[in-house]
Amino acid sequence: MLKVRTVEPEERWFEDFHEGQEFPVITRGPMMVGHQVRWAGACDNYESEFHHDEYVARAQGLPGIILSGPLMASYLLTAVTQWLGRHARLVRFFDQNRGPTMPRDMAHLHGRVRRAYEQDGRCLVELECWITNQRGEVTTPGSALAELPRRPGGGR
Amino acid sequence: MAVNHITDAVRALIGLRSDWIEACHPVEASEVRRFFQALMDPNPRYWDAASPAAARYGGPVAPPGFAVHAFRRPPDEIEDPLGADGDPEFDGTSRLVRRGLPRVPVPLRGVLNGGYEYEFFSYPRLGERILCRSAYRDITQREGRSGPMVLIVVEDEYATGGEFRPLLKSVSTLITR
Amino acid sequence: MGAIFEDVEIGQEIPRLVKGPITTAHIVRWSAAMENWHRIHFDWHYATQHDGLPDVLVNGSWKQHVMIQLVTDWAGETGWAWKIAFRFRGMNLPGETLTAWGRVTGKEERGRFGVVDLEIGLRNEQGAEGTPGTARVVLPRRGGPPVPYPFDPAVLAG
Amino acid sequence: MTAEISDAEIEKHLASLIGPVGEPVTALVEFGAVRRMALAIGDLDPIHFDEAAARARGYRGIVAPWPLLWLYFFTCTEYEHDFPFGRATVHGQDEYEFHEPMIVGDRITVTTAITGARLKHGRVGRLGQVVSERRFVNQDGALCAVLKTTLFRR
């Protein structure tokens, strides 16, 4: 029906990850109100008006529109799935809404392997991940755990 | 007339008709719900299979004008419509008049929607595929108060199902200036 | 129940449709549902500072479906909202309450059915007409059959 | 007003929140909703768009990106936050647990409960912490995900 021109995550295996490994930073932004509107549409939720109404946001004492925390976390989660490759299955993800992201802010997505280990026959990669803005402030710290297969045939 | 935007290249587009293009997915209940909730028109014909309307249409249908907005970013379009991130001038709209039709090569930036003429024949049911083909009916230039305007008249035919049951026809005028 | 041709009188107003007050949440919900990312509808800085507008704007695409709803509601499930045309003339801002209205301007028997012409519009509370237009509705005759679905203009011939 | 309410009263209120919220709600995983979410978060992995690509990677069909949980979070459970203390409620953090992938055509039943509610004393005064948990189970009874959301009231 439709020719799909998408981007498949790279092929990576458990052996490709080691403690302390840093992932290439992925940058999103500048964020726009449109990103928030598109997210609100995907969630079908328009209740918190400070996410899209400048007047309401200011009336509530905010400096302006604040982008949704789960939106930023979802960017981070997507970055994790890209870093870990197409065979990874996410087991857990955690994020904290520590600082606001506003329109025109940048979002730099960072990740680092905390541990790559085997447990009960499962190969697991645990990583910490976080978002910084253009001022270097951490807005969204997080962590993830994923299961990966070993490279077929062994070896590197 | 200071500048004539109706060049040979523009004139060659008049009468050009696209192939049938299919919407990015068949009519889904939640897309219909989003539409009528955003329109604030909770008519049972859009969701209640037991309503008297459903007998007429053979089940819940999408609102009459639903098809007009069913042609959104298809999965094979990799370019993010919000992707002009950082360009403070970018207004968020595509300069493509219709999928399937080439752009009209005029150097004007602003686009206004002048209006529509609709003719309705039937409504799409849940699960039906929506198809559209478009044509440039006319492209003309007028002198406005703030300079030249190019009026692009587009005709769209919408149909559904394997038998291409007509849904609606629309004639719309886009004003670029 | 939809309207019956014989009951319609020229000059008669059809039931109005009132929407609003429209908030930015309504505009965002519509923009998101349509995947219309035109910034003048939700980016207040862009709308006011770049485009010089007084505020974000109510979507023209939303207003057109209000006009369609006005006419299809009146046609009901026995009639048919055949043709609807309108121009976008004015802009509407958050906080406005919009009233869609229609008035019968003509009627004509066509075969077993009747055709009714309307003028239609969408006014704000100040009476400013933002979306003037016309509509043509096919109605059943008293005691006659409903307008067949799918609609084929050929039924008006004989 | 809010200053007068005692810690004990707040703790009693918070304790009363613990338990199920509403009835379980079932939602269909639709291609259009998956597409919307994948585009909103910029996840262009073909498993979210193309059935053949998803099957080639060992999935039953088109895979929902996990953030689609938020669609069901917002549309399935009506839930009002009304606290007799504090001024602002902040969405603090989220903890996700993933199991069986959600596939287009699945019917996902969402069950919501408040699983934790306690009062803490922070640097800036009293802090209520309320944890809601949503469990997402598919038509075969397989657990797809658990989402624990923590709200802070201060």
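Letters A, B, C and D mark the chains as written, and numbering starts fresh at 1 in each.
Criterion: a contact is a pair of C-beta atoms (placed from the backbone, for glycine too) under 8 Å apart; a residue touches a chain by one contact, two chains touch by 3 or more.
Remember, predicted model here, so these are calculated numbers, not experimental data.
Distance from per-chain Cα centroids to the pooled protein Cα centroid is smallest for B. Chain centres were defined as the mean of their Cα atoms; on that basis the chain farthest from chain D turns out to be C. Across A-C and A-B, the chain pair carrying more C-beta contacts is A-C.
Separating the centre of chain C from that of chain D, both taken as means of CA atoms, is a distance of 39 Å. Distance between chain A and chain C, defined via averaged C-alpha coordinates, is recorded as 43 Å. For the pair chain A and chain B, the distance between C-alpha centroids works out to 34 Å. The centroid of the Cα atoms in chain A and the matching centroid in chain D are 17 Å apart.
Of all residues in chain D, those touching 2 or more other chains are 33, 36, 39, 42, 44, 49-50, listed in ascending order. Multi-chain contact residues of chain B (touching two or more other chains): 24, 30-31, 34, 73, 75, 78, 82, 92.
Counting only residues that touch two or more partner chains, chain A has 4, 6-7, 32, 34-35, 38, 41-42, 44, 47.
Taken chain by chain, the contacts fit none of the simple shapes, being neither an open path, a ring, a star, nor a full set of pairwise contacts. Pairs of chains that satisfy the touch definition comprise A-B, A-C, A-D, B-C, B-D.
Taken together, the chain B residues at the contact with chain D in this complex read 24-25, 28-31, 73, 75, 78, 80.
Against chain B, in their complex, chain C makes its touches with residues 19, 26, 29-30, 32-40, 43, 46, 50-51, 60-62, 64-66, 68-69, 72-73, 77, 80-88, 133, 146, 149-152. The part of chain A that touches chain C in the complex is made up of residues 32-34, 37-38, 40-42, 46-47, 49, 52-56, 103. Residues 31, 34-35, 37-41, 43, 45, 52-53, 56-57, 63-65, 68-69, 72-73, 81-82, 88-93, 112-122, 165-166 of chain B are the ones touching chain C in the complex.
Chain contact summary for the complex, chain A toward chain D: residues 4, 6-9, 28, 35, 38-39, 41-45, 47, 69-71, 73-75, 77-78, 81, 86, 89-97.
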